[in-house]
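To start, the structure itself, in structure tokens.
We just call them A, B, C and D in the order they show up, numbering each chain from 1.
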Amino acid sequence: MDPQPILVVTTGGTIDKAYFDALSEYQIRESVIAKLLQIANVTLPFRVEESSRKDSLDMTDEDREQLRERIARAPETHVVVTHGTDTMTQSAEVLQSISGKTIVLTGALAPARFAESDAPFNLGMAFGVAQSAAPGVYIAMNGQVFRAGEVRKDRAQGRFVPI
Amino acid sequence: MDPQPILVVTTGGTIDKAYFDALSEYQIRESVIAKLLQIANVTLPFRVEESSRKDSLDMTDEDREQLRERIARAPETHVVVTHGTDTMTQSAEVLQSISGKTIVLTGALAPARFAESDAPFNLGMAFGVAQSAAPGVYIAMNGQVFRAGEVRKDRAQGRFVPI
Amino acid sequence: MDPQPILVVTTGGTIDKAYFDALSEYQIRESVIAKLLQIANVTLPFRVEESSRKDSLDMTDEDREQLRERIARAPETHVVVTHGTDTMTQSAEVLQSISGKTIVLTGALAPARFAESDAPFNLGMAFGVAQSAAPGVYIAMNGQVFRAGEVRKDRAQGRFVPI
Amino acid sequence: MDPQPILVVTTGGTIDKAYFDALSEYQIRESVIAKLLQIANVTLPFRVEESSRKDSLDMTDEDREQLRERIARAPETHVVVTHGTDTMTQSAEVLQSISGKTIVLTGALAPARFAESDAPFNLGMAFGVAQSAAPGVYIAMNGQVFRAGEVRKDRAQGRFVPI
């Protein structure tokens, strides 16, 4: 339980969606993660890096490889990744080739900018798992911690379930 | 990472403070924990029990003993305790006599009813640690996971620090 | 300043937009107006009716005529209309044929479900104008009260301005 | 309906209450009014002045006289006053000696910092009345506009009612 610094990598997804009246549409914009961590009074050292900024359905193999390299070469061994929910499990599997790090993917079913969103709870859960779990890749969603490769998103029900 | 059910025990504290205009004062009322877990879309089985409902400065040895017994005899091995921050470390030490359970205490520096509160992040962090850490007693505050006995509240700065 | 009951007519628009993860998109759903009025502790008698539920760019002449008839035949003389911002001024002009009623149109540039939205302020402004202004049709947006026919939306800047 | 600038005078009260963990208590601090007006996208010219910063039960005759003078000598003819609810009606009566200005008092039953507060709605209502009503002194609370001298706070029920 040494206070190891945490690297937070943002990739886009619903958690960072905003609404633009001029376009009457939703877009992913500058991450709200730093704001959420400030509201949570986080004093543990952390660093936020943006790896991509898109819907996870639009993430390419190149995006995933770039994410993998960014995490592999970072000095931190405790990593939180914010990610769109639709391909979160796919990215988790790509990250399994990294050894010696505890990597936790999380996101949100409702944008963090909503008054009622799962974003702050999920980000907190990821911070807890990143500090407590053995090295490996995890997904923290719906109040539950899953190992990469043992979880899928039930799109119809809008939730993550074990496989 | 089996989906073990979580027992959430509420004891009062700032996290559950509300404001009553008729009295022009702050009081601890019915817990908001269930509401926070609903907003977080938690599908992991959980159960919420109220052990006490007071400022943690007003908690007595009897309150702590009752809390200890409630957790010890519960069927769940994963436990989250919401607690006032002023004597959270003291209660954590009392709970160390319980073996074979992962117990995580958390709370908030701002009431959960505030638009900006550390409550949802902290509750999420506790859910993550309860599922990931070895049996023992932990405190999850300020984005950091501490072992019971290795943390104190720095009241002047309003944050938890290692000792 | 008799406590005249207020009729609130909802027509859709950004104020009532929600986000649906399963579709990764924004949609207009059941109105949040009743919830906003409850949070505001409104004790003045009011009634909420849905006239349409769409983007204001999709409103047809029939939708506007239906809105006009609904308001004309209602017993209330104080009326608030929630409306999408893109064609709010157009609907306001259609409603000018109704005499003897104070009708106030308002809406929001950010969905009411956002933590930071102009929706509650705007709805409050409309309630204030409906009770205070002479019969006629008004638009209440950006903290300002405009007469129908004397206002346009500056789409690039996302605000209402006098003409 | 010329866009007359609005003077907002803050006096303290529940609307501006914050919570301080270090003291485990509620205090009135720097006003949130400017933040509320920014969230509401107010483009009408306005100016915010602090006249006092206390519970309205602690307001003295001197505080009320100072408030009256501040408003009387201000260049603006449209004035919004944020005020604690317990003596709002009393201050309203003192302000009735000012002629030629539309003065609207409002406040909140729950602090503006709460996720669910009547503050933004009430402030919007006051802005609407300040621009629409004839010169005089008004109270805008509970979705209703009252004339000074014709309203009292029903403390038990936590709402304003006609007398």
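Methods note: a contact is a pair of C-beta atoms (placed from the backbone, for glycine too) under 8 Å apart; a residue touches a chain by one contact, two chains touch by 3 or more.
Keep in mind it's a predicted model, so treat the numbers as computed, not measured.
Student: Taking CA centroids for every chain, report which one is farthest away from subunit A.
Tutor: Relative to subunit A, the chain whose C-alpha centre sits farthest away is D.
Student: Cα centroid separation between subunit A and subunit C, in whole Å?
Tutor: The answer is 38 Å.
Student: Using mean CA coordinates as chain centres, what's the subunit B-subunit C distance in Å?
Tutor: So the centroids are 43 Å from each other.
Student: Per the centroid of Cα atoms for each chain, what is the distance between subunit A and subunit B, given in Å?
Tutor: Inter-chain centre distance comes to 24 Å.
Student: Please list all residues of subunit C that touch 2 or more other chains.
Tutor: Each of 109, 115-116, 158 in subunit C touches at least two other chains.
Student: Specify the contact topology among the chains shown, as one of line, ring, star, complete or other.
Tutor: Ring.
Student: Please list each pair of chains that are touching.
Tutor: In this structure, the chains touch in these pairs: A-B, A-C, B-D, C-D.
Student: Quick check on the complex: what are the subunit C residues that touch subunit D?
Tutor: Answer in residue numbers: 1, 3, 6, 36-37, 39-44, 46, 104, 109, 115-118, 120-129, 131-133, 138, 140, 142-147, 150, 158-162.
Student: If we count contacts the way the header does, which residues on subunit D are in touch with subunit B in the complex?
Tutor: Contacts found on subunit D: 14, 17, 19, 21-22, 24-26, 55, 57, 85-86, 109-111, 113-116, 155-156, 158.
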